[in-house]
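Okay, here's the structure, questions in a sec.
All chains are identified by letter, namely A, B, C, D and E, in their written order; residue positions are counted from 1 within each chain.
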Amino acid sequence: MSDFFGGIAQAARLILTLDPDLAEITLLSLRVSLMATLIASLIGLPLGAWLAINRFPARRTVIALLNGLMGLPPVVVGLFVYVLLSRSGPLGVLGLLFTPTAMVIAQVIIITPIIASIAHQAIRELWADYHDLLISLGATRRQRLITLIVDGQRPMLTASLAGFGRGIGEVGAIMIVGGNIDHATRVLTTAISLETGKGDFEMALALGLILITLAISVNLVLHTLNRTERGSRW
Amino acid sequence: MVSWLSAEGLSVRRGGRTLMGPVSFDLTGDGIAVVMGPNGAGKTTLLRALHGLERRRGDVRWGDAGLAAGRNQAFVFQSPVLMRRTVLDCIAFPLRLDGVARAEARARAEVQATRVGLRVDLGGAVEDISGGEKQKMAMARALIRDPGIMFLDEPCANLDGRSTCEIEDILTQIRDSGTRIMMSTHDIGQARRLAGEVLFLHQGKLEEQGIGDTFFDAPKSKAATAYLRGDILL
Amino acid sequence: AEDMKMSVTTSFANSGLADVLLPEIKADTGINVQLLIVGTGQALKLGAAGDVDAVLVHSRPAEEKWLTAGNGTHRREIMYNDFIFVGPSDDPAKAGAAEKATGALQAIEAAKAPFVSRGDDSGTHKMEKRLWTAAGIAPEGDWYRAVGQGMGAALNTASGMNAYIMSDRASWLKFANKGDLKLVFEGDPILFNQYAYMPVNPEKHPHVKHDLAEKLEAWLVSDKAKALINGYTLNGETLFTFNAKTE
Amino acid sequence: MSDFFGGIAQAARLILTLDPDLAEITLLSLRVSLMATLIASLIGLPLGAWLAINRFPARRTVIALLNGLMGLPPVVVGLFVYVLLSRSGPLGVLGLLFTPTAMVIAQVIIITPIIASIAHQAIRELWADYHDLLISLGATRRQRLITLIVDGQRPMLTASLAGFGRGIGEVGAIMIVGGNIDHATRVLTTAISLETGKGDFEMALALGLILITLAISVNLVLHTLNRTERGSRW
Amino acid sequence: MVSWLSAEGLSVRRGGRTLMGPVSFDLTGDGIAVVMGPNGAGKTTLLRALHGLERRRGDVRWGDAGLAAGRNQAFVFQSPVLMRRTVLDCIAFPLRLDGVARAEARARAEVQATRVGLRVDLGGAVEDISGGEKQKMAMARALIRDPGIMFLDEPCANLDGRSTCEIEDILTQIRDSGTRIMMSTHDIGQARRLAGEVLFLHQGKLEEQGIGDTFFDAPKSKAATAYLRGDILL
């Protein structure tokens, strides 16, 4: 347990001294995961909504696939992206391996299914309520999608936040494609891995606490911003 | 006289059960067509099927091709569909689908709200208004596009006497200016006041088709006779 | 069979030697050795916490510090292998032409050729740092990438960046994702890498299976172990040299 | 890319030859993650439902906390559980470290917030629909909770499946507390890490494919079992 | 005569606006109390406040302590609350809350369904019945516990003439056997037939309290006079 309390003290120390290394990796963590969440939301939210409102033969399978993909092991995603981006791979010429961009790509793959799946679930309910009206008014497919996404803001936000949470805590994939290079691609989670390997559990736990605090803060801020706008149910 | 709407062997089935039909009729007059019948007779199902909301069998033909277009039809549902928006935005929504700018759509929505006698805080959530006010909101939303044909499913069920009169006035007024109207109601007084033609349904079948006063004064079918007396029906 | 736990470094496990030794150990002593494959620091940490019965690592200063803290009973040298330098097949820094390991590093630094460092305070990383010091260089700059990963992962990174890296020979030979990398420098005695076995102190952690740890130690220094270790080859190369002193 | 196609071939080979090692680690993966999902569901589903129906001052904070905890980095959870279960930790005497039980504990910590958070979102909607009725009927707090969970079966299932997905693909935590010991605590994800470290991407990708297939199958099976029961919306 | 229900300065506020009240009244007769008033007058709000569904100010006192108990009161909402269950299970639900075994609860639910004239497939989803049938379902659900007091919010709004008669019969019957009834309606004929006492609301205020026929024949307030004529009201 001493590691644990030591970790708390260490975390406090790091934050109070404004440790520049800590600031650097924290900012990179945020940058990568926010960017990945943004991109994944742009793909996943419409995809989830689309799945909720369209009926086609393979629908159930696609949804199970999506849910299954939520379980994509990060390491496998990392390998896959590595193979794509490595110099001998098809996209090797872009020289993206071991850059934050590669990390964003890997995270987008990991969190898009999560965002899409949660969005799908929420939009299904909304669609059941709106179905008759939207069809009656002759809304085009595009308009239906947009209406559901706009009016489903809150659950959409939850979906995106779940994706963000998954992204910022993820390590397996970004370790492989980012390489945990000091001052270049080191983020909080890879730093935690590193400290763990060194046996410096105190430092690892300290970084972990900072990471969790960060994740919770982002949630609090977004929820607060979002709720101030509207009434109790939406 | 040419019929503006004719149905031939129209029926709606769900899960192996026939909910309504087969029914065949021609509507030729330019008065309001009122659908009557006891609870569960199939009034809602008939209106929805004509509007294209139910998978139907049989033929539906519109005398005027323009009427067939989805956006030229409006439907006031038996229980109003509430969007997660303000009252004003709910009413303005059909115009927004038509690409009308927000400010103009809202201005026109306000006009409709006044027209149907909806005196509430239009900037409040639509969930937070009374039952009768919701019905008026739905009415205003249906009127806003100036539809060629309006379907109304018991539009005055929760309205007070005065509001009912106002809505009836609006209906006769738009009927006179050429809008086709097809509605269901349990209010026999209202039916008498408004009906040009009557379709009387019983257990999914069209028991009788009649002309306004003639129908009410001397119904031909036993079922309609009993219904108008408020009598036993099975 | 009785289970005992031993924490070992990745380089030992990745070499494949464990796959040869463990079945023999089980057959001869009845001990089912469960390996925890972790970084050097973590391996020692597990031992200090009493979560394993013995450790097998390769970082002498860290080992001695660990012993001084009363975590283990003693340190027994078992075998050694050696470190090598790996780099792009065309060896742009001409590190392969150097006489000594320090010379190879100087060549790399002079060419500012990309170099991947484990950067994780592992035995290998500590050795690398000693070598830089010996070469009179404080490596820094864009070309020097401290990645903070295990041996295999660091090799993957080097392979992806086509960079130089220092590796233990076993990990390199077993490594399947070589890409354009090849061995560029080897053979300097300074690169020898001693593995030592240390049972966890039963006085500090009464629950540890000290008897099994001793039994395993006896086997590890036996002639049979010697034959197996010296005879283990990959692609015709000997990986480890047995050097336990039998008292 | 050759690694990728090699991985597919390798996966096929492993499955077709019924590789016994593969079977062992696959079964352990399933066992650990299913058990963790079960326990986490027993905690997370009622917790999510409870949060949806109870109003208390710190509610928003608790929800943000829960969402934030979705981002718990597995490595940190692993460390935390390690510190608890280590011989020198408070629960050391139980001798649970490096056993499947320890892995289950770590996964429960990781996936409970996910399950609770998704359940919360879904139950909130249901509660808005049921609120008046349940209060009116004088349902006790316990009965409200049970009713919502029973009638919210489908979204609950999605929540649990999201948790399962996260669990089965997780590696950081179980690597630390399980130790990836051959024939004892090695599961698919830790085996993938191991192969990646060896640079054997083909094998790693093959195991990854098997893992994904497994996750998708579990989803398909559960969705199929669940949907056959009831109608279209629930 | 002792009042069985009295309110003193009862009001309901939301978001700084007074929706209803303050109203004060005593109900003393043992007839049916009918709440009347135009749309938005506050009828629903008053009933809900008395039932304990709204946060209220002021005093509500029950003459008989037994009536105050939540489970001795039943409420038929203006728009029926639909559970995601079959029609039969919806009706049986209050009994299930009371711990009645499923089989018995279902048997008793069938009795109530027949009593209110609900002739549908009771094993089907409650979402799939017609508007009037939903109202009957809600009626049956409210009757099943044999409540001491029943609140009904426009219970016949979507019912046909015959069903309305049947419900009115049930109401007079349970009134005669001692159940207190308080209801709102826009159907003046119905109010006349049923009302023992009348509370007339207008813009949230109690404009007039009267006794059945006296009220209808000679309302005292200007507002009630206008309302009964179906006349202008503001």
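The rule is simple: contacts are C-beta pairs under 8 Å (C-beta built on N, C-alpha and C of every residue); 3 or more make two chains touch, one makes a residue touch a chain.
Worth saying up front: this structure is predicted, and the values here are computed from it rather than measured.
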If a chain touches chain C and chain E alike, it appears here: D
Shared interface partners, meaning chains that touch chain D and chain E: none
Inter-chain pair with the most contacting C-beta pairs: A-D
Farthest chain relative to chain B (centres taken as mean CA coordinates): C
Maximum centroid distance from chain E, chain identifier (CA atoms): C
Whole-Å separation of chain centres (CA-atom averages), chain B against chain D: 50
Separation of mean Cα positions, chain C and chain A [Å, integer]: 36
Centre-of-Cα separation between chain C and chain B, whole angstrom: 82
Chain centre separation (chain B, chain E; CA means) in Å: 27
Residues of chain D engaged with two or more neighbouring chains: 89, 196, 201, 233
Junction residues of chain E - those touching two or more other chains: 128
Contacts with 2+ other chains: residues of chain C: 150, 153, 156, 159
Inter-chain touch pairs (all): A-B, A-C, A-D, B-E, C-D, D-E
Chain A - residues contacting chain B, complex: 126, 129-130, 132-133, 135-139, 143, 147, 151, 230-231, 233-234
Contacting residues of chain C [partner chain D, same complex]: 3, 5, 10, 14, 34-37, 49-51, 150-153, 155-156, 159, 174-178, 205, 207
Contact set on chain A toward chain D in their complex: 1, 3-4, 60-61, 63-65, 67-76, 78-80, 82-84, 89-90, 114, 117-118, 121-122, 125, 128, 155, 158, 161-162, 164-172, 176, 188-189, 192-193, 196, 201, 204-205, 207-209, 211-212, 215-220, 223-224, 227, 233
Chain D residues within the chain C interface of the complex: 86-89, 92, 95, 97-98, 179-182, 184, 194, 196-202
Contact set on chain E toward chain B in their complex: 14, 37-40, 44, 78-79, 119-120, 128-133, 136, 153-154, 157-165, 186, 188, 226-227, 230-234
